[in-house]
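Structures given as structure tokens follow.
Below are two complexes that have chain A in common, paired first with chain B and then with chain C.
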Partner chain A sequence: MKEKRTLHRFAIALMFLYLFMPLIATFLYSIATDWYDTVLPKGLTLSWYVKLFQDVRFVAALGRTLFACSVAVGLNIAVMVVSLFIVSLYLPKLERFLQAFAMLPYAIPGVIGAVGLIKVYSSGPLAISGTVWLLIGAYFVVILPYTYQGTRNSMRTVDLPQLVSAAELLGASKPKAFFKVVLPNILPGVMVSALLSFSVLFGEFVLTNFLVGGYYETVQIYLMRRMRESGHLSSAVVISYYLFVFCLSWIALKLGQNFKNGNSDNLRGKKYELPHYR
Partner chain B sequence: MSYLIIDKVTKKFDGTVVLNEISLAVERGELVTLLGPSGCGKSTLLRCIAGLNEVDGGRILLNDRDITYLAPRKRGVGMVFQSYALFPNMTVYENIAFGLKMQGLKGGYIAARVKEMIDLVGLGGKEKSYPRELSGGQQQRVALARSMIVEPDVLLLDEPFNALDAKIRKMLQMELKNIQKKSGMTMIFVTHDQEEALTISDRIFVINEGRVAQSGKPLEIYSQPASEFVARFIGNFNVLKGEEFERLVGEPLISGKSLAIRPEVIKLSLNGENGKGHNGSWRIKGKVVSVFLKGNILRYRVRSKDCILDVDVLNNSLDCSLNYDTSVDLVIPKDEVKVLNL
Partner chain C sequence: MRAKWAHISKNLWLTGALFPLAVMIFGFELLPIMGMLIDSFRTDDGNVWTLGQYITALKNPYYLVAIKNSLLISLLSSFIAIVVAAFVAYFITRLKPKSQEAVLTYVNLTANFAGVPLAFAYIIMLGNSGLFTILFQRWGLDIFSEFDLYSWSGLVLVYVYFQLPLAILLLYPIYFEIKEQWREAAHLLGASDMQFWLQVGLPVIMPGLVGTFSILFANAMGAYATAYALVGSNYNLLSVRIGALISGDVYARPHLASALAMLLALSLIAAMLTNEYMMRRIRRDLK
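Up next is the complex of A and B:
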């Protein structure tokens, strides 16, 4: 029995090592002085990170990426939550159409989508080709499947029509029923899908390169440029990116847990003494 | 004028008539039950009163106000749902206080009222629990308290005890009755459980195919069913066609109509025991086909002249259980045979 457990642990450790090896290697490369003809780096340094964060272009690119991703995710979540709320409550027959619509981006390869968007928006009344607004619009469409699935699943975990009816009969208006009852209950799912979408957009390159390229340098474009100059620097960019996404995930999950517990006082630092579970 | 008037209300779903010009009236402070089989329209009627379903015709008047087309929150109607519909993100306290908060009342007043309601439904100590930490019975009490705290003109209860086990269900039926008497609140209770309806109601409306089949006090409904449907639904009446009954008792009666006899009014004895039937009853012979133990009642199924009759006997002694194929005498009191209209 004990032998088996050791074997299982060894297998799991091996799997984790395999999965994390590229990340560990990238991290090592990002703190290496020299590493080309030895098993391990010849020396360690944080100078690549210092150089990276002292680079005004990187900070500006990071800001642009955050802006584009945040606006696209924020807009998408707002539209999706409200649409799904209305469809689930009043027009359940339309849910199939909404699903088909939300899944469309899966069917369109990034390159084709980008070329089509450039063609449509390079002239005419809405000539926004090469601007961040076209990028945000494209991002909005790319993350539709993620936000749709996440939001729909979390709405299905609660009996939405009945909760809204109960709130209304207790004197709440529809918006109040939505904000006080529906939103807190679906928030964990919505946050997870927002985070997933954010991560997807943060690493997206094809659309960004085609749609804005050098006009609006994001982290992805910056990374691409610096890769030609220095592998150490681009490794530092990748590790920074992973750390950022990790922090974001942790915060979102923590927030999600708190909202799921429904104890808003926990967020303010005041904890209730919960009774013993039955 | 009655407190709540349902006047020829019609409701259709995709062309199917669910409520067919249904009319009924409820007095202030009454606990009435809408009783009927699944799909008869009783829950739809409740949702129409609450404003959760729009009516296709007719009027709903509550306390002299026409509420037919008012928004749910403006009707002065409370509702307890079958699935409780408690807000999962809120504690027991927050759930119960929700209605008062929506009215914009002050915290001190809300706290006092919530405490009052928690005491009334016996949930002291559970204020900080979340719905998922409560048993089904406790969740039901929270739902009841949450609806009652806003003092609605009428409280609607849509099969609230359905998901509970028999013991808790019976206990809550009694508690609901007591709470209703204490508060004097008008309540409309929906159920398909005849026993539940008979236990708690001041009056019962038996609903069938979107109409009221019969209304009255529980005893009236139980002892004087107006139709074959009510007789079969409300109790385990023996319903026989006129011709069948004539053959059974050997006397000419009203042909073409059905007759109903309650199983517990038929006296059963072993052949030759207890002498003969008298002027006020018929005595017939039969054989036991099967026996069902229903706790305090033994139900004998007896065949006599190709008719099957159920006879309920109090299960007060093991000696009274008769075996299959035992010959028995049945005594049917004449005044307990009800002629049915439909």
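Up next is the complex of A and C:
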């Protein structure tokens, strides 16, 4: 039995080595001065990161990414919380439609979505192609499954109808019940899905490239354009990007575990992961 | 009468609050899908109804090869990932609960590493002047000198990388459907480990394996950024072809792109439905 456990640990360690190898290699490359004909880098430096964050073009790209992602996530969460609140309290018949439309984007990878969006928005009365507004609209749809599931699950966990009628019994009006009772209770769960959505959008390349590519350079587009020019600089982009997403997902995971009282059942009981289509 | 008016105005107010979501879903989800559907049944100039685009998509050797390549790389990368994940996920369930959680957290964190950054990392490692490429040359490991990252085998390697974390995360919960008592009972009745797995374990998790496989398949079929960043439009994959047809790398043919995109969407929906069906069979806790 003990022998087997060692084998299991060894296999898992091997898997981690495999999974983290690209990150380790990229990280080493991003702090290497010169590294092209030697086994190990000739020297170590942080100058690539300094250079990167002094690059006006990169900082601008970062700003654009943060802007588009924040607006899309903020708008989506606000609209989703209000809509799900109303649907689950007053219009439960609509719940099935809402679910169907909210989950549909799972079957639409960026390359399919781009075909339709370009068709509708590149000409005619709604010609907004090449603008950030089209991108925000597209992002809004991409994260629908995450925000829908996150918001709905937190509303189920707090038993929304019960909570609202309890608040009303104690004399709160509906809006007051929503802002003072419901919102604080579902906030941790909603935050988790917001962070998750943010990290998904932060890594979005396909829709961005097709819809606004040349006009609105995000971090992903910046990386794609510069990766053949400077390996070290691009490594710094990749590591910075990954650290950021790493932190977001880590906070989301921890927040999610606390929210569900931190038992290991939450990973087991999770319905299932679905594809990201990268 | 007044009660009725109150009812109607309340409903109006409620419907009004749902309006923003309805507009966004209609404008950026349904309208584009409908537009694409209609486009796929139109000739290139958009004036006449036709099945021609679908016929081109399924008859023209160029697109047929793209579909075949996509199917092949999706099946192959899903298969490799699921075989490895079947072992690793099981090993994880054998750890202490605390360690299980930690391991899954880290697997989850690497699941985000895909697309352009992943392609770049592999170029750093195994590209023409990649770290390992040079290392292997130094050590005189000739087996690796044949390897070309920008070819079919390189693409498979990178696809397997982004499939593996997803496969582990999907398979892990499935092992909890095998009850510990069943294993004890089997052993008491004299079954070996092998016999237990072949006659009890595997049949129980089989729907889960098939469901997971279909999700992985969809994940690879719909992938674009990783392949595009690695080989540009040179490699003939379905998603890459669709991209080239709308961005006009050669020349734009949006109607043909629509037909190819519809075919891709159908294959994804089929994979999703397979997964739903299989998961319902194994996870009795889900409704």
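To be clear about the criterion, the second predicted complex is superposed on the first by the 223 of 278 C-alpha atoms of A that agree within 3 Å, B and C clash if a C-alpha of one lies under 4 Å from a C-alpha of the other, contacts with A are read in each partner's own complex, and residues count from 1 in each chain.
One rule holds for everything that comes next: contacts are C-beta pairs under 8 Å (C-beta built on N, C-alpha and C of every residue); 3 or more make two chains touch, one makes a residue touch a chain.
Owing to the predicted nature of the structure, the values given are computational and were not obtained by experimental measurement.
Annotation for chain A, partner touching more residues between chain B and chain C: C. In the superposition on chain A, A:K176 makes contact with chain B only, while chain C stays out of contact range. Of the two partner chains, chain C is the only one that A:M224 touches; chain B does not reach it. By the touch criterion defined above, A:L163 lies against chain B but remains apart from chain C after alignment on the C-alpha atoms of chain A. Contact with chain C, but none with chain B, is seen for A:I12 once the two complexes are overlaid on the shared chain.
In the superposition on chain A, A:P184 makes contact with chain B only, while chain C stays out of contact range. Once the two complexes are overlaid on the shared chain, A:K93 sits clear of chain B and of chain C alike. Common to the chain B and chain C interfaces on chain A are residues 272-275, 277-278.
Residues of chain C touching chain A in their complex: 14, 17-18, 20-21, 24-25, 27-36, 39, 84, 87-88, 91-92, 94-95, 97-98, 100-101, 103-118, 120-125, 129, 131-132, 134-135, 138, 161-162, 164-166, 168-170, 172-173, 176, 215-216, 218-219, 222-226, 228-229, 239, 242-243, 246-247, 254, 257-258, 261, 264-265, 268-269, 272, 275, 279, 285-286.
Against chain A, in their complex, chain B makes its touches with residues 50, 52, 71-73, 77-79, 81, 83, 85-91, 98-99, 102-103, 125-126, 128-130, 133-135, 146-147, 150. Of all the residues in chain A, the ones that touch chain B in their complex are 158-159, 162-163, 165-173, 176, 180-181, 184-185, 259, 261-263, 272-275, 277-278. Across the interface of their complex, chain C is touched by residues 4-5, 7-9, 11-12, 15-16, 18-23, 25-26, 28-29, 35-37, 39, 75, 79-80, 82-83, 86-87, 90-91, 94, 101, 104-120, 137-138, 140-141, 144, 199, 203, 205-206, 209-210, 220, 223-224, 227, 231, 234-235, 238, 241-242, 245-246, 249-250, 253, 257, 264, 267-278 of chain A.
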